[in-house]
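Okay, so subunit A shows up in both of these, paired with subunit B first and subunit C after.
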Partner chain A sequence: MSAAFGAPLAAVVRLRGVLACMVVDEADGIVVASELHVGIDADVLAAVSAALFRGLRRSAEAAALSSVTYLQLEAERGFLCAAGHDGLVLVALAEPRAQMGLVRAAMMGAAEQLA
Partner chain B sequence: MKPLVAEAWVEQPLERFVRDTRARFAIVLRTNGQVLGQYGFTRAVDVMSACALAAAIHGSAEALGRELEGAPFRELYHAGAQRQVFLAATAAVRGPVLLFCAFDAESSLGLVRMYFQEFRRAVLESVPEAPPPATSFGPDLERALHHNLAVLFGRGRQTPTA
Partner chain C sequence: MSDEIRRLSEELAREPSSLVFVQLGEALRRGRQPDLALQVARRGLERHPHHPAAHDLLARVHVDRGELQDALDEWSVVLAVAPEHAGAHRGMGYVLFKQGRLEEAEQQLAAAARADGTDAGAGTALRMVRRMLRYTSSAPVQAAPAGERMADAQQRVQEEARCLFAEALGDADQTALLLDGHGLVLAGAYVTSDGAEVAQEIGAALAGAREEITRVTQHLHLGAWTTLVAETSVATIAMAPVMTDSLVLAAAARSVPLGLVRRLLDRCARRATAWLTEDP
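And now, the complex of A and B:
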């Protein structure tokens, strides 16, 4: 893992209920750095998350809402969160028991360190 | 737009791949350059050129991979200013096939790689058992190349199965 991304990833993945955190190239959907629990397919998660974030960012721009800072998707078995910065997307996967307020705060702080 | 195919088993995997990835162009071909299906092209000559180039690039990359790592390189990717291309081989019952696709900012390398894995599985499932083709690089190669191009662009008859 790149040392430059170690601190941002660690700040998120150490939170209770967070299963994975990764830095993804928004344009390519490729993993740049990651901290994952066993059993998570990083490539698939990165590709789909980046596509989702990119699509929503474009939608927001088309609707004159300016840039998307944070995205949270709630599903039956957990949460997918993403925060973008300078062409990179910080993606986290969390269980339903995770405290999403803390996760959001950690993600926003970590995303600012990505540049 | 639906893919045009020379062999029926290619249609479903190719159609799904281009739909999921939003690729602009895609070709499924044999490693000798014989086209099996295509999406996005309107002229036979473009398909012929793309197949020849893709087969040559794959052959070179395969040889280079063997030299460097003792095994062929699995996937090849080139990024342009607006468009990017992806080329990869996958096993099929009647011998390996190549998938060559071009995509732009509507898709991404990550998505293309992800859906290529689905394409790979679909190809293996959709090809019925059959003996390998007898004319891979034989004297009938040119005729075989032109036959499939003719089928794709409406000047020949589609082979109903593999």
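And now, the complex of A and C:
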């Protein structure tokens, strides 16, 4: 893990139910830094998260809704969250038991530190 | 000439008796070359005079050329050979609708929906036609010419769709839309703070979003997705899948608490599902 991103990642990944947290380059979906539990495929998570964030950011901008700052996808078996800042995306993968209010607050705070 | 058209042309030249002319004709239609598509379809029919796909292709080319009666004739041939051909029923339904022949359109679209239960487009069109029928049949026959009654019914159905979420939205600064799989607005409205209606723009920007989100959850083994909430500096946008290919979207000013936006989305998703599944 890159030392520069250690604190923001740790702030998120220590929360209950969070399986992975990483910083990804929004443009190419490459991992910049990560904190993962065993069994998580970092490259896949980074690539699909960055693509989703990029697509929604562009859609929101095209619809004149300003740029997406945070997104949360809820599915049957968990959550995917992403917060963007300066071409970087902070991504978290969480289990259904995670307290998403806490995760969101931690993600927003951590994303501020990415700059 | 596109690569696809060149490849298909070469393939057809190598095997003139193959059915590849159907794909070539389709590619020409998509490439907005209806005259060439017509030639290809007619030559194909000389070799395959009883093949449903060939007549179906020719029918769609006729529609592109505005030759609606010819299209209906070709689809009738298709149905004589293949009575359960969903594409022919659907095509006839759309043409009959365009001609204002609502009862016949309803019959054809119902047959299309029966023949292909996965065809969400036919199902949506069927419900639209049934709603229009409800309004046209309630109008006194002598009140206005058929064309005017149809236009009036169309307007009333559009208004019904536009106001679909009015009760759920109340007077608060929030809005909701129902989009089909192509990003086309089925119901709802999206009016900006300065009064501009931007529903179509929002729909276009979100075309394909449902499939994209589904791909993400498949890659991450998360199961089916239920909600996506995106926050921007000015708005919170929440969306959820509805039925097999539609998407409901609720948006509110950033000042509206997230929990309220999610509750609004739930209400709108229930309303949209009921509207899409009810039998008018």
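Note that the second predicted complex is superposed on the first by the 115 of 115 C-alpha atoms of A that agree within 3 Å, B and C clash if a C-alpha of one lies under 4 Å from a C-alpha of the other, contacts with A are read in each partner's own complex, and residues count from 1 in each chain.
Throughout what follows, a residue touches a chain if its C-beta (ideal position, glycine included) is under 8 Å from a C-beta of that chain, and two chains touch if they have at least 3 such contacts.
What you see is a predicted model, and the numbers here were worked out from it, not measured in a lab.
A:76 contacts which: subunit B (first), subunit C (second), both, neither?
A:76 contacts subunit C only, not subunit B.
Quick check for you: in the superposed arrangement, does A:59 touch first (subunit B), second (subunit C), both or neither?
second
Of the two partner chains, subunit B (first) and subunit C (second), which one does A:46 touch, if any: first, second, both, or neither?
A:46 contacts subunit B only, not subunit C.
Quick check on the superposed pair: does A:28 touch subunit B, subunit C, both, or neither? Answer first, second, both or neither.
A:28: touches subunit B, not subunit C.
Could you figure out whether subunit B or subunit C reaches more residues of subunit A?
On the superposition, C touches more of the residues of subunit A.
After superposition on the shared chain, which partner residues are touched by A:97: those of subunit B (first), subunit C (second), both, or neither?
neither
Of all the subunit A residues, which ones make contact with subunit B and with subunit C?
Overlap of subunit B and subunit C footprints on subunit A: residues 44, 48, 51.
What residues of subunit A sit close enough to touch subunit B in their complex?
My answer: residues 24, 27-30, 43-44, 46-48, 50-51, 54.
Looking at the complex, which residues from subunit A come into contact with subunit C?
Spelled out, the residues of subunit A in touch with subunit C are 44-45, 48-49, 51-52, 55-56, 58-60, 62-78, 80, 93.
What does subunit C use to touch subunit A in their complex?
Residues of subunit C touching subunit A: 192, 198, 201-202, 204-206, 209, 212-213, 215-217, 219-235, 237, 251.
Could you pull out which subunit B residues touch subunit A in their complex?
Listed in rising order, the residues of subunit B that touch subunit A are 105, 107-111, 113-114.
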